[in-house]
Amino acid sequence: MSMEVIQLGLLMDLPILAALLIAFVGKPKNAYKIALITSLITVLPMLGLLASFDWSHGDQYQFAWSLSWLPDLGLNLSIGVDSVAMLLIALSVLLGPIVVLASKRAIIENRKMYYAWLMVLQAAMVGVFASRDLLLFYIFFEFTLLPMFILIRVFGSTNRVAASMKFFLYTFTGSMMTLAGMVYVVYFVSTQTGVWTLDIATLTHHAGAMSLTEQTWVLAALLAGFAVKVPLFPFHTWLPLAHTEAPTAGSVILAGVLLKLGTYGIYRFAIPLAPNAFYEYAPAIAVLAIIGIIYAGLICWVQTDIKKLVAYSSVSHLGFCVLGLAALNVSGFSGSILYMLSHGLSTGGLFLMIGFMYERYHTRDMRQVAGLASKMPVWATFMVFFAMASVGLPGLNGFPSEVLCLISAFQSDAAWSAAGEPGAWGSTLGPWFAVFAGTGMVIAAMYLLYMVGKICFGPLVEPKDHGHHGDPIPKDLTAREITSLVPLTAGCLFFGLQPTILLDAIEKPVNATVNLVEHSVESMNASNEQTDFNIIAEGANP
Amino acid sequence: MSEKLALIVPEILLFITTCIVMITGQWPQRAVRQFTPWICGIGLIAAAGAATATPDAVGTLFPALIPYTKVIIAMVGLLLLLLLSGTVDRDIETDVDRGLKFNPINSNRGEFYAFFLFSLTGLMLTVSADDLIWMFLALELTSLPTYIMVTISTKEHKSREAGVKYFFLGALGAATFLYGFAMLYGATGTTNLAGIAQHFATNGISSIGMMGMLVALLGICFKIAAFPMHFYTPDVYQGAASPVSAMLAFVPKTAGFIAMILLLATVGWHAELGLPGEINALLWIIAAFTMTLGNALALIQRSVKRMLAYSSIAHSGYMMVGLIAGPGQSGDPFWRNGIAAVLFYLLCYGVMTTGVFAVLSAIEKRNGQEADDIDDIRGLCKSYPALGWVLVICTLSMLGFPPLLGFIGKFGLFSSGVSSGNIGLVVVLGINSAIAAWYYLGLIAAAYLDSPGDSVSTVTASPFVSRKIAGVISAGCVVLLLVFAQPLIEGARNAAALSPATPNAADHAPLAPDPRHDEDH
Amino acid sequence: MIQLTPQLTTLLSTLTNPMVALSDPAAADPHAAATTAHAVGEVGHGPAWVLLIPFLPLLGFVLNAIYAAIGNKSKLPAWTTVGLLAVAFATTLSMFLSYDGSPYTVHAFDWIQVHFGDKSMIADFSFYVDKLTILWMLFVTGLATLIALYASEYMSNDIGTGYCRFFSAFGLFVFSMSCLVMGDNLLMLYLGWEGVGLCSYLLIGYFYKKPSAVAAAKKAFIVNRIGDLGLALGIYLTFVHFGTLEFAELFSNEKLMGYVADASVGNFSAIPGQAQWIALLLMIGAFGKSAQFPLYVWLPDAMEGPTPVSALIHAATMVTAGVYLIARMYPVFLVSEFALPTVAWIGTITAVLAATIGMAQFDIKRIMAYSTVSQLGYMFAGLGLLTTTGAAFHVLTHAFFKALLFLACGAVMHGFAGQLDLRKLSGVAWMKGWGIVGVTMLIGCMNLAGLPYITSGFYSKDMIIAEAFVTPGYSIIGWLLIVTAILTAYYTFRVYFRVFVGPQHAEPGNEHHDHDDHAHGEEHNHDAGQHGDHHSSGFHPHAPGWAVNVVLAVLAFASIAAISLAYIDKAEHHGWVGSMVHDSTAYFHSPYVEQAHHAAEGTAHAVDGPVGFKAPKAVFGMDAHTAMILITGIGGIFGVLVAAFFHGPKGWQGLFIGGRTEAAKCRMDAVARRFGPIPKMAENKWYVDEIYHAILVAPLRVFSHVLHWLDKLLVDGLVNLFGFLPRLFAWVIRPSQSGVLQGYAVNMAGGVVILLVVVIVVVLRAGGAA
Amino acid sequence: MIDSALVLAQQSFPAPLGDSMLAHYLFVSAAMFVIGLVGFVTRKNMIIMFLCTELMFQGAGLALIAFGRHHLGADGQTFVIFVLCVAAAEAAMALALVVLLFRHRETLSAEAWKELNG
């Protein structure tokens, strides 16, 4: 076990240890400190991993380690990361201290439970991305539900019970189908190779041999879980509810990482395991994504609950992410993965801003709170910043990925893209997809400026009874709050100005995935032609 | 003869223990009386030890079924034993504490433990059964004591009502599978299971044999609490004392599943098409209905025990997926072997459900009544953290939440279902797991997330530490068996290996090729 | 539009630009063309100090943000900004002076790079410098410096509150504008494009407590975004079609050269549709940013921002970005059959429409705003008529005189507590301390009105109008533009005659700088009564200080001095601007096009003559240029006289034809009544905003509400329904658990029987089917 | 005729139960089972209900004997003996149960016991 593997393990173990410490040893008042210190310490091995990762071989699993767990089920504790997973892990780990910082004042009761589960969630999120075993992935994927369920259910606002139930049950239902689909793939591969294996790389290598019908069903099953998680229209209704009711940290993690499990799942599993079916149904998926972009965007525009607005905006934004995946080409995948990494920063930032406001005024209703710029200029500045990042302003995080996703939609139509590019071998999407998805840009400006215009600008409006709750609240953001925002701000700028670093990092795996899809589609086309030829030959020879 | 006896050494040991227990349970000296459960425990451990040493049952359908199955029966039996302590004779012991003289006539302790052991003996005998007569007797031996245990488990009316319903409907069920057995015998001229299998394999399955099989299976559905014989389940579970309910959830169900496995092995599973059409259709419908019914009705319960009863029904439905999938070809691995999945799941289910019932048994209302309403367990993690956590862990496991034991078990069912081509049923299973999540989550939320302040009635710990221990052990197993599941899974796989010599009727039956599988050829 | 198509073809193949009618030695000389073409094809790396131009303003932004964070309460932000911008301007000047004729790029850092296969999409943070860039950057940085200086005084009321915010946004704006103009690829351009939009948003909404300012800011951003969508799609399509986003590569792209060659012989059918779409999409972006019909509605509202902002962003620089875009991407526009005619017509329509609205407004800043829209229309018409030189020249002169006009108006607004209604002000020029404002305003108005020979505005406007007459089929545009020129002269001098001359009168506005936390109004109330000649007791105008006056004077001088630009290089390029444009891709007859043409010569589409040589065409028996000097000159003077007659005060100040004796009454009042509702409609901007609201915004909003409800009821309802189904099922089957023993027995027996029957039937049917 | 029958009887004693005869027995056994079932379902008196289950058991028993005779094996008869034992055990339990219940409700009606439901 190399040093790096230990570091990777630490990313999961440290939060778990902290959770145990908080739950069984620590006092409630220390919970925050333990969580904060742990989440900060966890950053160190993560940085070490980032440094020792061999980015020039980003498509290979690195820091790989495997321990046989249940050989009869083929289940191995096998971890390892490629560059995509590595970056997503980095994102998850970096969000840790931020959400802990942001929770200090919001969470007053049940602190032990809160921070313990927050830490568990941290570990589970790392686990999802670090898994090289299909079942292990699924275990972590599902496991994230529980901490989140508890965070929403116990620490959410008024409608939290319904929200947590819907969140859990909806995603759980979907992922049961995902499990069935995954098992089918494993079974199929075992019939091909004679080995029952859950190793993702092996499965990916052989799954393309499934017939189109099989792949279609597998795709449907996998998407049942992942599309709900993303969430893709029309499976999104749990998200606004969950986001609205969740505590700030929950919303941030939900937006920052948990939704990405869906797109990551599509990228990592749905596409490689059912390449031909995905190719076949990519336009339909893209249409859903685009409907989501426009539909959710327009709904945002008429919200009065500011948190719900941002929640719906996630639905809208994630539409771009799925669109990029549906384009099945390099720019689409790159854009989509970039979106996975960057979306959480701006949306997470917005959720933090709303959380800070809520701590002061105990309302999220834009009719009750408005014009806060005059009272909280620092807050308003950050709010405008994150809103602009969310709008997709160039130079900030949303832009490069949005551009790539839209370009990919154009490109993925063979008629519109130069031959010789991987992914330019057929028509999945086309310019109209980009045009309609592009309206999302306008709509995003509409609803976010509507929000900013109401909540930050205009005459000051404050709810009458604010300040009756608990301790006196400082006027503007405190140093702690600003500290939690600075990394997000820096992240937004970094993603906006230096996406190339990330794009280079994910270039290899993305190209590999595109090649895989291309290979499967071509071989299936070839075999179809062969069949056609045979039929013709037989027909000609009575 | 001696080979046969060698197979039933555990049963013999248990029977001996039963005889001892019957006497010691009524013993005037309290110390001896109270030693009774220990004797049971020793007997069970001895039986488990003997079971491990059981040789292969040559000539039976599942030659290696006995060791694994009997060991898990004995182990879960030990857990149940911990749970059962104090169920009866509580008043009598209180009276003795107050100085009254012990009157063996009023005491039920002896027969209660004896019945428990009898039931387990019956269960083990079911495992050893190689003959219809044996199987019938073993099944009845499993069930008859439980009728009485249910009835005497509490002093309340509900136990009697539960007892009467259980008994009468049980008789109906027994008559049904007996009639099925009669027809099976009529069709084949032998009561020996291997003989029946041989007959089916050589002569095909006659319509009367098929009818017999169907009726027998339907009758055994009573034991496993499956549709359409499940109606008694919630009433009986609710009426019986919680420890007894736990026992009902494991013992007759296991007996029923073992019996079904043995019966189904006589017709065999076709390599591609599985069970013969009628049986497949029957089990398919039963499985789907059982899961759905159980989960749906569990959704609307306030009584935790009723909820668990319905969940027990649902779990039977899940396990039937494994039955339908069958053991696959000889030498097939665990993930393909539905029977192994069932055997493993029986263990998982036994442990999980014992844990939950243990929690319910370990608390009681202040008026001495059983804790049953969901409000009674509200905030349990705060008032009784150990019990609360046991409940949370075991319920999560029943939900099939990864990576707990229930998930591993369910994954076996999933994989066998998928690899045997029953994807539709697996989808139903998946949807049902999600429906089940609803009420399990309610349970978890009530115990862990809600504060005791919400609770209407307050509960207190019951004075039996062993119940708490049973719960903690169950929860411990749910977590720790994850790490050590491999030997168990391996054991289940070995146990469920169909004897290679088994003639397979299904393979010989003239069957139309299924177009689904054309592309495989 | 259809009938225009062949005309454009003719245009491309036969037009002769009068400015190069005397033939263009540089362009005609194959050797020179080849040299320049070489330069276009292989773009070298420029000096790194060029990076100072964008990054100094960015530094200003950062410093001002820091000042804001530490709560600076002095004029330090202003001086920082002015200083940095001045250095940036100086750097631009040195860039101009050191430019050796071949474009170069300066690489700051890698930005977006995606590699697929052997190709890649590269959009780096780099800057591309050619003469077009230099031209734009000169006036952007120059004006920004001046206006920052002006703002240092103008915004001084906000010291300690919004001062830092203003100047940081100001710095960010100049940075973004630099990126827009200097970016070496389309995504950089887009970055700047959106960046200036952001700054525009922030600065329009500077007085954020004012709902109207917030609404205007929002409107500006969103309307711009609609345009940006077109721009973005155009950029994507450019990449998808040409495989590059970098200007240097794009303009040496063989495909594009081939298309230009095809276009030059009118063979548009040889150009793929998608290549033609690029220009149409980019055009939408240009319409949004440059406030062209139908996306012009945001610009008048944008006057909610502080006046320096209106001057710099919404008059001089940002709104010309559309012109820049089209000029920069001119080859792409040339290959589109419909793009340039559309640009010409939209520009003309905008010019006319905005002028008619401008005539009826009473808010002087809004009049200036509409005049900006109208003048932008001229520029677009010029682009559409293939005179990029004219358009660019007009951009330049307009930048000076419109900035001047705005700043003068701003001085008035500042001095009269936000008063902008021309009916409530009169004779301002004669008030104490307002002399410079009066004079410079007059110069600005003359420029806008296009008084012949003495104003630079005249030269640039004339260049465009003349072009319309030499372009076959476009004389109607010419006439429309002439009419617009007359209207422009009228409404411009309407302002001047009413506000700056005549009897002194001033009612203060109601805006006591409500953006200030300290009461600005009180400051002036202490000496109430000393200025009894003002109608509002307790008010005295706040005469501009030195910074404002200096800036106004400089701008006035510049707008006159710009006349000289028309004469520099006149022979070769029809003016200095022509020479600047000439060496860039913006010039339709540029070496680039030449090169493309040469490339095409070898092909089957060889043409008779070089691209863009127009046959000289006589208008009224004269050279078009001379004719236009006459016509527009006379038209301009006529417009001024009309304004003087209707609005001018009695006496010499009204050129002896005016009759106004009061601030609020004039001859026009009576005339306007004769026109019935038309003036009112014009004053209400032809109800365009209302129409947009009725046919776009309101329905969309209703639709969104419908979607919201659908989401709640249908989409979520279905989910809830599926969630409810198990419960429903449970309630349905619950009676089976009646608790009655016999009931259970019946159920069991019935279940067994039914199952047996079902199974047997199912299997029989399945068997039968098989 | 008689001779031949006798010879036949002597040759294969005990003679297997013929198919038609078997059918008669099976019919009776089925009838007993169904009557028992119907009685169980329709009668409310618990003792009678129990008797009905006995009828069902014995119906099955009859079938077993008939089949045993049909196959000329002892299995059926053996089975029946065990069934009778079990039935006896059940009878004992049933009576005890019925007595217990009667003590509490003073009625033998099964419908008196329906508190547990849903």
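Every chain is named by a letter (A, B, C and D) in the order it is written, and numbering of its residues begins at 1.
Convention: contacts are C-beta pairs under 8 Å (C-beta built on N, C-alpha and C of every residue); 3 or more make two chains touch, one makes a residue touch a chain.
These figures come from a predicted structure and were not determined experimentally.
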Mutual neighbours - chains that touch subunit B and subunit C alike: A, D
Highest C-beta pair count, chain pair: A-C
Per Cα centroids, the chain farthest from subunit B: C
Innermost chain, where centres are averages of C-alpha coordinates: A
Separation of subunit C from subunit D, taking each centre as the mean of its C-alpha atoms, in whole Å: 99
Distance between the centres, which are taken as Cα means, of subunit D and subunit B, whole angstrom: 28
Subunit A-subunit D separation of Cα centroids, rounded to whole Å: 66
Rounded Å distance between subunit A and subunit B, as computed from the means of their C-alpha atoms: 42
In subunit A, residues with contacts to at least two other chains: 169
Numbers and ranges of subunit B residues touching at least 2 other chains: 164-165, 168, 172, 176, 234-235, 300, 438
Sequence positions of subunit D contacting 2 or more other chains: 37, 40, 49, 110, 113-118
In contact (per the touch rule at the top): chain pairs: A-B, A-C, B-C, B-D, C-D
Residue ranges of subunit A touching subunit C (in the complex, touch as defined): 166, 169-170, 234, 236-238, 295, 298-299, 301-303, 329-331, 334, 371, 373-374, 384, 388, 393-395, 399-400, 403-404, 406-407, 410-411, 416-418, 420-423, 431, 434-435, 438-439, 441-442, 445-446, 449-450, 453, 456-460, 497-500, 503-504, 507, 511, 514
Subunit C-touching residues of subunit D, taken from the complex the two chains share: 37, 40-42, 44, 49, 110-111, 113-118
Residue ranges of subunit B in contact with subunit C within the complex: 164-165, 168-169, 172-173, 176, 211, 214-215, 218, 222, 227-229, 231-232, 234-235, 277-278, 281-282, 285-286, 292-293, 295-297, 299-300, 435, 438, 512
Partner subunit A, residues of subunit B touching it in the complex: 333-335, 396, 401-403, 407-408, 411-412, 414-415, 418-419, 423, 426-427, 430-431, 433-434, 437-438, 441, 445, 448-449, 485-486, 489-490, 493, 519
List of subunit C residues in touch with subunit A within their complex: 109-119, 121, 125, 187, 190-191, 193-195, 198, 201-202, 205, 208-209, 211, 214-215, 217-218, 221-222, 225-226, 228-229, 232-233, 236-237, 239-241, 243, 274, 700-701, 703-705, 707-708, 711, 715-716, 718-719, 723
